[in-house]
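Heads up, the next two complexes both have chain A, just with different partners, chain B and then chain C.
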Partner chain A sequence: MNPVFWILAVLTVIGALAAVTLKNTVHCALAVTVAFAGLALFYLQLDAQFAGFAQILIYIGAVAILVVFAILLTRGSETPRTGLFSRSWFAGMTIAAAVFAVLGWAVIQSAHVLPHESAAPAVDVNQIGNALLNRYVLPLEIIALLLTAALIGAVIVAMHEKGESK
Partner chain B sequence: MTPLAGYLLVAALIFAIGLAGALTRRNAILVLIGIELMLNSANLNLIAFWRYGPHPELLTGMMFAVFSIAVAAAEAAVGLGLVISIYRHTRTTDLDEMNRMKG
Partner chain C sequence: MVSTLDQIFVLLKHWIVGQLPAGLQSFAGVLLSVVCIIAVFPALFAISVLLERKGLGRMQNRLGPNRVGPYGILQPVADGIKSLTKEDIVPVGADSVVHFLAPVSMVAIVFMGYAVLPMGRNMTLVHMDAALLFYFAMGASTELSVFMAGWSSRNKYSLLGAMRAVAQMISYEVPLLLSSVGVVMATGSLSLDKIVDVQNQYTFGLPHWFIFTPWGFASFVLFAIAATAETNRSPFDLPEGESELVAGYFTEYSGFKFAEFFLAEYVGMLSVSGLGTTLFLGGWSAPFAFLQFVPSWIWFFSKVMLSICVMIWLRGTLPRLRQDQLMNFAWKFVIPFTLLNLVDVAVWHFMGEGWARWIVCSAIVVIAYVVMGRAGMRRKNIAPRTYRYAE
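Right after this comes the complex of A and B.
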């Protein structure tokens, strides 16, 4: 394990923790951006440059901005009087801790059969383009259809209806 | 500890944090942020297995992660549109106060 891994792990986990615990919702959106950036750096460190830059473009460039827009449009940055956490917070924390315990136990139990260090795969954009238009052309078309449907659906769902507006 | 086990443990920790956020926060937007964190930790698992598994030249895990990122972006757009639509009807994003499906 090299020091870069530990630095990225600490950065990402602190960003994720801050995103779910901070009081101000705008601060949460900024903290989750830090976590997304840490994950993008993880992808770059794992020699998945294409996925890393796609993560930076889509998550930091689009999803984080969308979240900030939603927070500002809904006055979500105000702290609610009733508290940050829902009434069933203890059950939620217990379920999350149990899920982490099971996942961590499974990983540690199977650590000796996991593959060790291997040579870095040489992947260039040419190969990725060929793969996308040969082997993965059907998923690519389906994802294009899904994105079009989601775009139209999001606009229709959030559209202001004149007849029944308050 | 092998490098792959380290990545899997970090992904499990981020998944648990996202699950805790999605289950305990009141604000609907923060629940969506928790779900995005869970999706991202799954992507980290896919890419770590692709990097250390056999035949990385087939690009399977990375392509899966890229498609999953695209689906997550569509999900975030529709989810935030729903939150804004609900806010327009009920003037709140507090999930504990949203206890009926009818607007």
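Right after this comes the complex of A and C.
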């Protein structure tokens, strides 16, 4: 737990908190980007270069942009009249806490199951690529199929009907 | 002597760092390299702006700047002083924090890409295993700054420009990445140092640059198209089309903040030219074996400046695309072609040495180009242009 960890932790948590408490939706989107960046820096600090850069490329480069596009194309960035928090905030918080508890429990349990490693293994991109295309090729292909299906679905939803007069 | 000249900056850095106490040395080494990058590329930015204004002037049959200094060569200095002394205007309706953060984050992110570019033998700031991925991660982050600039100005031209810019950058990022993946497949590494090393070999005095292979040539052309679009340069300069959007996403910026956007645009151009040079034009390696005595950094920077000249030339030559043409071109021609090109790289790799692979791979590229070009043109009615003159 070195100072770098604490700086990143504070940055990420502040970004995440700002994302749910700020009034302007676009500000929220920008704040959540800060949280994404903090997470990416965490991965880099743990020597996971590939995961860290992929996080920046996908979450900051694509997901954040998608979020702001969605905000701008739907209803503008003003706060709705019903107030900042939805009425079911308590249920939402309970579900979030439950998910967090399950994940935390799983992570803590896994430390006993896995063999204790004295040093972090040095993993380079080459090994990740080999693992993805040899051992984990089936999950990779299934994800690819899912994404292709999503893409085709999006195109069909956006496409004009042939008979439609426009 | 030759190797001293080649390594002169590396030796100089070691000498300066050696003068300092041991505790500071690693920090000072990094700091020195960063300062060099931050000093050299803005200087090149000034040179390229002048080159662009003079060159475009020539192409458009006018003189270009010729009042400040002999032949106007001090124009960038005058521009710099002007932008520093101008008033910094923030519109009343603007979101002042985001308005301020947008140019700052943009410049900071654009400079990050240089950390992994090999600018000469042993002249890479950070030797990274996933250098190419790092570069693209940084390149993708600039989109958010563009959006921030356009949205925070609260001006419809700014917002329209930002939306156009972001849509264009997202669309052309895919071919930019996919055209680079071919090089990664051929070298088996994401490290830019390794990619240059593979290209730094000679057969009969000719280099093994990737642009001199059929798939590499196709990749390079696609990369150049995508990079031009990614940097919002003409003919893909819709986001800042002066005739439609005033200046696009930085309409509401003045003074030094405007200069920061301008700097970021040109530094981004230099950076993406550097990446193209590294991936396809052999980085710092010499174009002929007998020219290897020339220092490596001279080759890198001359290749980058040559790419800049080509970009200026393109700007002076081509008209601006329309939005639908831009998107159709990206999604219906460039991306399918890059995907096909990946197959071509695989064929090249598995056919092994010999003449056969040259013929097969060239045939794939040419046939793909002809078929896809014809298919794209089929539905359009292309006939001799007819004119109707006013009576």
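The rule we apply is simple: the second predicted complex is superposed on the first by the 124 of 166 C-alpha atoms of A that agree within 3 Å, B and C clash if a C-alpha of one lies under 4 Å from a C-alpha of the other, contacts with A are read in each partner's own complex, and residues count from 1 in each chain.
In the analysis below, a residue touches a chain if its C-beta (ideal position, glycine included) is under 8 Å from a C-beta of that chain, and two chains touch if they have at least 3 such contacts.
Please read these numbers as outputs of a predicted model, since none were measured by experiment.
Shared-chain residue A:L72: touches chain C; no touch with chain B. Between chain B and chain C, B touches the greater number of residues of chain A.
When the two complexes are overlaid on their common chain A, residue A:A54 makes contact with chain B and with chain C alike. When both complexes are overlaid on chain A, the residue A:L133 reaches neither chain B nor chain C. Using the contact criterion defined above for the overlaid structures, shared-chain residue A:A62 touches chain B and also reaches chain C. When the two complexes are overlaid on their common chain A, residue A:I152 makes contact with neither chain B nor chain C. Of the two partner chains, neither chain B nor chain C is touched by A:I7.
Chain A residues 50, 54, 62, 69 lie at the interface with chain B in one structure and with chain C in the other.
Chain C makes touch with chain A in their complex at residues 95, 98, 128-130, 133-134, 136-141, 143-144, 147-148, 151, 159, 163, 166, 170, 173, 188-190.
Of all residues in chain A, those touching chain B in their complex are 1, 5, 9, 12-13, 16-17, 19-20, 25, 28-29, 32, 35-36, 39, 42-43, 46-48, 50-51, 54-55, 58-59, 62-63, 66-67, 69-71, 73-74, 76, 80, 82-89, 91-93, 95-97, 99-100, 103-104, 107-108, 111, 114-118, 121, 123, 127-128, 131-132, 135-136, 139, 143, 146-147, 150-151, 153-155, 157-158, 160, 165-166.
By the touch criterion given at the top, residues 1-10, 12-21, 23-27, 29-30, 32-34, 36-37, 40-41, 43-44, 47-48, 50-54, 56-59, 62-63, 65-67, 69-78, 80-85, 87-89, 93-96 of chain B touch chain A in their complex. Those residues of chain A that touch chain C in the complex are listed here as 24, 26-27, 30, 33, 49-50, 53-54, 56-57, 60-62, 64-65, 68-69, 72, 124-126.
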